[in-house]
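Note that subunit A is present in both complexes that follow, paired respectively with subunit B and with subunit C.
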Partner chain A sequence: MKNYPLIPLPSRSDSLWRYTSWKKIHPSEVEEMPKSNPIIYSRGEEFQIDDSNEIARSFIHSISPVCKKISLVNEGVNLDLESSGDISSGELFVESRGDSTITIRISGDSTWTGLRINGDVTGNLSVAVINEISENSNLLRCDNWKVNRNSSLELATLSVGGNLNKSDIRVELKSKGSDLRCGIASNGSRRRNDDHHIEIEHTVGYTTSSLVMHASCNDASRSIGTGMLKICEGADGSDAGQVFRNLLLSEKARAEAIPGLEVLADDVKAAHGAASAPVDKEQLFYLSSRGLSLQESSSLIVEGFLMDAFRHVKNPDVLLNLRDGLLNHLDNLITG
Partner chain B sequence: MGGELLSVNDLHVSVEGKEIIKGLSLTIKTGEIHAIMGRNGSGKSTLANVIMGHPAFEVTSGSVEFNGTPVEELEVFERARAGMFMSFQYPSTIPGVQVGTFLRKSVSAVRGEDGPNAREFRKELKSHMKSLNMDKSFLSRYVNDGFSGGEKKRLEILQMLLLNPTLALLDETDSGLDIDALRVVADGINSITSTAGCLLITHYQRLLDHVKPDFVHVMIDGKIVKTGGADLAGHLEARGYDWLEA
Partner chain C sequence: MSDKSAREAVGDYRYGFHDPENATIRFDKGLSEQVVRDISELKNEPEWMTDIRVKAYRRFIEMPMPSWGNSDMLNQIDFEAVTYFLRSSKGTEKDWDEVPEDIKNTFDRLGIPEAEQKWLGGVTAQYESEAVYHSIREDLEEQGVIFLDMDSGLKEYPEIVKEYFATVIPASDNKFSALNTAVWSGGSFIYVPKGVHVEMPVQAYFRINAKNMGQFERTLIIADEGSSLQYVEGCTAPTYSTESLHSAVVELIAMKGAKIRYSTVQNWSANVYNLVTKRGVAYDNATIEWVDGNIGSKLTMKYPAVLLKGEGAHAEVISVAYAGKGQHQDAGAKVHHLAPNTTSNILSKSISKNGGRSTYRGILQVTPKSHGCRSKVICDALMLDPESQSDTYPTMEVGNASADLEHEASVSKVSNDQLFYLMSRGHSEEEAMGMIVNGFFEPFTRELPMEYAVELNRLLELEMEGAIG
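Moving on to the complex of A and B:
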């Protein structure tokens, strides 16, 4: 295994790095190994996870002074992660059994935050990751989740913090009956740049997945959503879908949505779609006719649009945390 | 009957350069129920949308006054807060917004400081939902998302009851309703007519069997060509519209 910085720099022809290059998201010069402060974890036990051949994961692994493990057995946990200093990073391993939930809030005012999450799911796990780092920060997040036999993962991300964010989320459905419901909601304003890459791999057959990403972009903000759905050879009976929707709230806002499919099995269902549009005028008229001002109507439409990315999340506690996080963020935007 | 609530005077309306309403006048007083009937495309829904303030329609001449105020001076939400309500033929879907949240925000916006507190709101809501045979599970669903035609119309009437308007514009509220649902919706309409004026847009006599109009107007090609009492709807049901064009 090659460790950073021996791993070759990635090409921008690779869809993962097309929009936010390694050079752009790196906290210093790419050949440097900067000193990093540890992310402060509200709980968890000391742990070690392996290095990776992938450049971003290996980089975070190489500079991170801390790695924690959370073990869940039929329980719900709130985990707060706080970054501080110029550069801050850490690793996290989540292991779950039975019916469990975890809400991970990432906050802090580091110039740059790197977070690597690995997860192993047996049973049913519902996860909310809420990015609410300060508006001048950059965030690099790399996830690897494995979903075991007859197990399900609800993986919801609310991305409202930071100035430049890159998330590389990978989920492997590794045994028959494993299921993923992935929802991502991103809200951009000012010059925020939010880049999500999601890879879902159906390693074996009779596995199911859905990915919904909703991004609303205001001012001169930008959202990028790239998906890669891989259905491996022999994974017959897989059922997968991915949908990307963008809501453009200003003329300067930009949103890219690029779903991708790599299907090597014969008997599968694999659907994908993408759409970008401004706020629907009929929705505005309808809400205005109920007494809501134009701003109130527009705000409610954005709130609903973003929450709709989580329509497959069934766990009420996780949904409540996501809704609270979103409402706080929208209130802060209005009140400045 | 009460004072003049809505006054439409020689109204002309265009959309994308095409004239839809071609000189229409109508006055509604508090407590009156006016029914407008007519073929598809005669301009009925356009009239309701213009009164409510839909931005796609351009008033090229004439006027609409609500309680003596020209409505052109009011934004859509200001018309709603002034007591105007429109039940939509095709209500918009608002994904991600729960019905309960939407109703609370709407009631708060329209009824303001005179509106119910949280406890009173829940009580009112429960009472109206019971009268409309609506299950409380409605409240956690997203607005009109996946609703059947009948469910959408019930939600429209629920909003009307909660917002307690002085003028209700009901655009084909009877379409998509089975007989039982029609009766429930009609009861809802009847419950507000003592304190409100009502403009019912409909194709069919059947709603008017339950909600008795004071006036029935027939619209053809953007104009009211005939006005009569409740019995006019029966004539239209039996004879159609051709005899009015002769």
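Moving on to the complex of A and C:
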């Protein structure tokens, strides 16, 4: 018996589901378990991961016909995931040792795509997740990463595809010396709704984390960033920070930033910040005076703003993949 | 819990004394539609107010408890164990000497009459459900300022009350505003005429004396165009082993160019649930300031709010919270920018000690038609030991591209460097800690009238005793 039918439906008062409700992101009626096509993986071996008590994860687990495992040992890989058919879903387990990198590109034109990623990091892993699914698709992504002793995870997400997206990313810093650097860049146009929830748990002390989310919103698009930083009892010596920044580019664009802190240890550094502002007119004027059109100038400012979300990403290959993905997207927007 | 263990739980709470209860009218415990009708009938209220109360009672029954905040503590509230109305005095006196002796003694011990003579423009003293003493300076009265307890306000100015009552906070806003609207009693009613500036603050002092008492005061303040007012409230209660409930509703209306500052130093004993809804509406170029200090109570859930409805309106919220053993201070601020070129500042500071929990919960909203809005939110939390907890849940909802908003928050402990510096100047560790805590709260205390600021610093020093080691 799968857990999904037994899990109560979340209410809108639950902050996780306040802006993009479970009913809205579900591909059919919430009681239904629709038939799903498998996501096509460019590599990986067959694997199985456990069910979950969390509704979105359990749902993806219940309908997914495929689960793959990628094992990384001091290597860099590119993984392409392509959705097809009406509803498409799959699960992925990433296990890394040593210094490794992985770039995961999600593409395809399914009406709805569900992806669950679990990861276990020992050593240093740099991850880029690039969402390039078709502009009429919906994406539900649920991540669970565990970072082991003296290990570090760079987790960068570039979200430029899809029409309705919900990402629920959770990272557990489970041993002394574990470190997370998480960056999310989101660019919205038309009526795109991009909802990211990031939960970081410092289970033990002497762990560090940073989260930077930058969202630029054009037309009538909307970005939502909710963060939850938990520092557990006894996790003294934790050092954590979150920053959410929004750039609103049009009258009808909207952005929500809801950073959260729950701190149960006293000898910690924990901070968060959020800011929202329009494009700086002086920057626009400067670029225009160098012969760039208004659209090109604006695009350049957006590029700089979004790439700044990845300032903590040290791995040059991962950075290059992210920049290429963003430039392609912005070029497509300019050229139509 | 015995009285002794309750006393141990709340520590040196200096207002924890209680007087013998000499009620002239006391309702049986528990709430029903009849209780609501009885309160209204006892007060000889007009029918429209009875209707508002009854409808609110029905909403209260239907509405669920808030699913956020401290659900465990909220669900412990036994609404049937609360006394919803208790009259201790035959009426509201204008002469201090006419107030019943025992009540007078209580307020004497709290220093109220002394403060009035020195630095207040007017005073309301509420004991249990109703005001027992009320006065206003003659010069203010001559300028047309109305400062009454809410029951008298309804009797003497029913047309003004009817026009504004529950317009800022409707009964259906939340379960506790519904409860207050159903059983409200006492509170302040203030109207400041156009262009009148009330230079000296007016004060209300709320005291719960009886066990298992519910105090549901209702305050309505209207500052007409170009006027200004500063209102200060203080709250205390005796220490009992059983809980009391304080659920107030405060509505502020600042007309064009008006300014209202509402300051609170809440120092309920640690057996009081303090579940308060406070909200103001600011029209064109008006300013509303909430200066909110939460030191006492078992659970406080209070988020002073401002609806910036007129162009150029401004909101300022400064709040501090101290959460000691067994306390949860769930406080914050809500500012809704509903008009262009509105501005706001929110500063929140909290301290958690001895396993206490402090939470900042806030909303900052800019609606799509509100161009040129600016806002800054700062939350700082200090944790004094490993058993305590500190949370922040700020929300920013931005619907207009021209908005310029900033939010920053930090949680930390008192730095050893600061302690060392002060101790090297000859202070004991305890004194040094007290100085750091007072300094941490200084942005709040400097906004209070001096007597309140001195009192607050003293209270904090008391609370900080034994913080070291």
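Note that the second predicted complex is superposed on the first by the 334 of 336 C-alpha atoms of A that agree within 3 Å, B and C clash if a C-alpha of one lies under 4 Å from a C-alpha of the other, contacts with A are read in each partner's own complex, and residues count from 1 in each chain.
The rule is short, and it goes like this: contacts are C-beta pairs under 8 Å (C-beta built on N, C-alpha and C of every residue); 3 or more make two chains touch, one makes a residue touch a chain.
Treat the numbers as computed from the prediction; the structure is a model and nothing was measured.
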Subunit A as common anchor, with subunit B and subunit C clashing or fitting: fit
First (subunit B), second (subunit C), both or neither touched by A:Pro259: second
First, second, both or neither for A:Gly234, with subunit B first and subunit C second: second
Touched partner set for A:Asp267, first subunit B, second subunit C, both or neither: second
Contacts of A:Leu155 with subunit B and subunit C, given as first, second, both or neither: neither
Touching partner for A:Leu248 - first (subunit B), second (subunit C), both, neither: second
First (subunit B), second (subunit C), both or neither touched by A:Ile169: neither
Residue contacts on subunit A - larger count, subunit B or subunit C: C
Where subunit B and subunit C come nearest after superposition, their Cα distance in Å: 16
Touching residues on subunit A, where the partner in the complex is subunit C: 11, 13-15, 233-234, 236, 244, 246, 248-278
Of subunit C, residues touching subunit A in the complex: 67-68, 368, 381, 383-386, 388-413
Touching residues on subunit B, where the partner in the complex is subunit A: 52-56, 75-77, 79-81, 85-86, 88, 91-97, 102, 105-106, 109-110, 142-143, 159, 163
In the complex, subunit A residues that touch subunit B: 280-283, 285-294, 296-297, 300-301, 303-309, 311
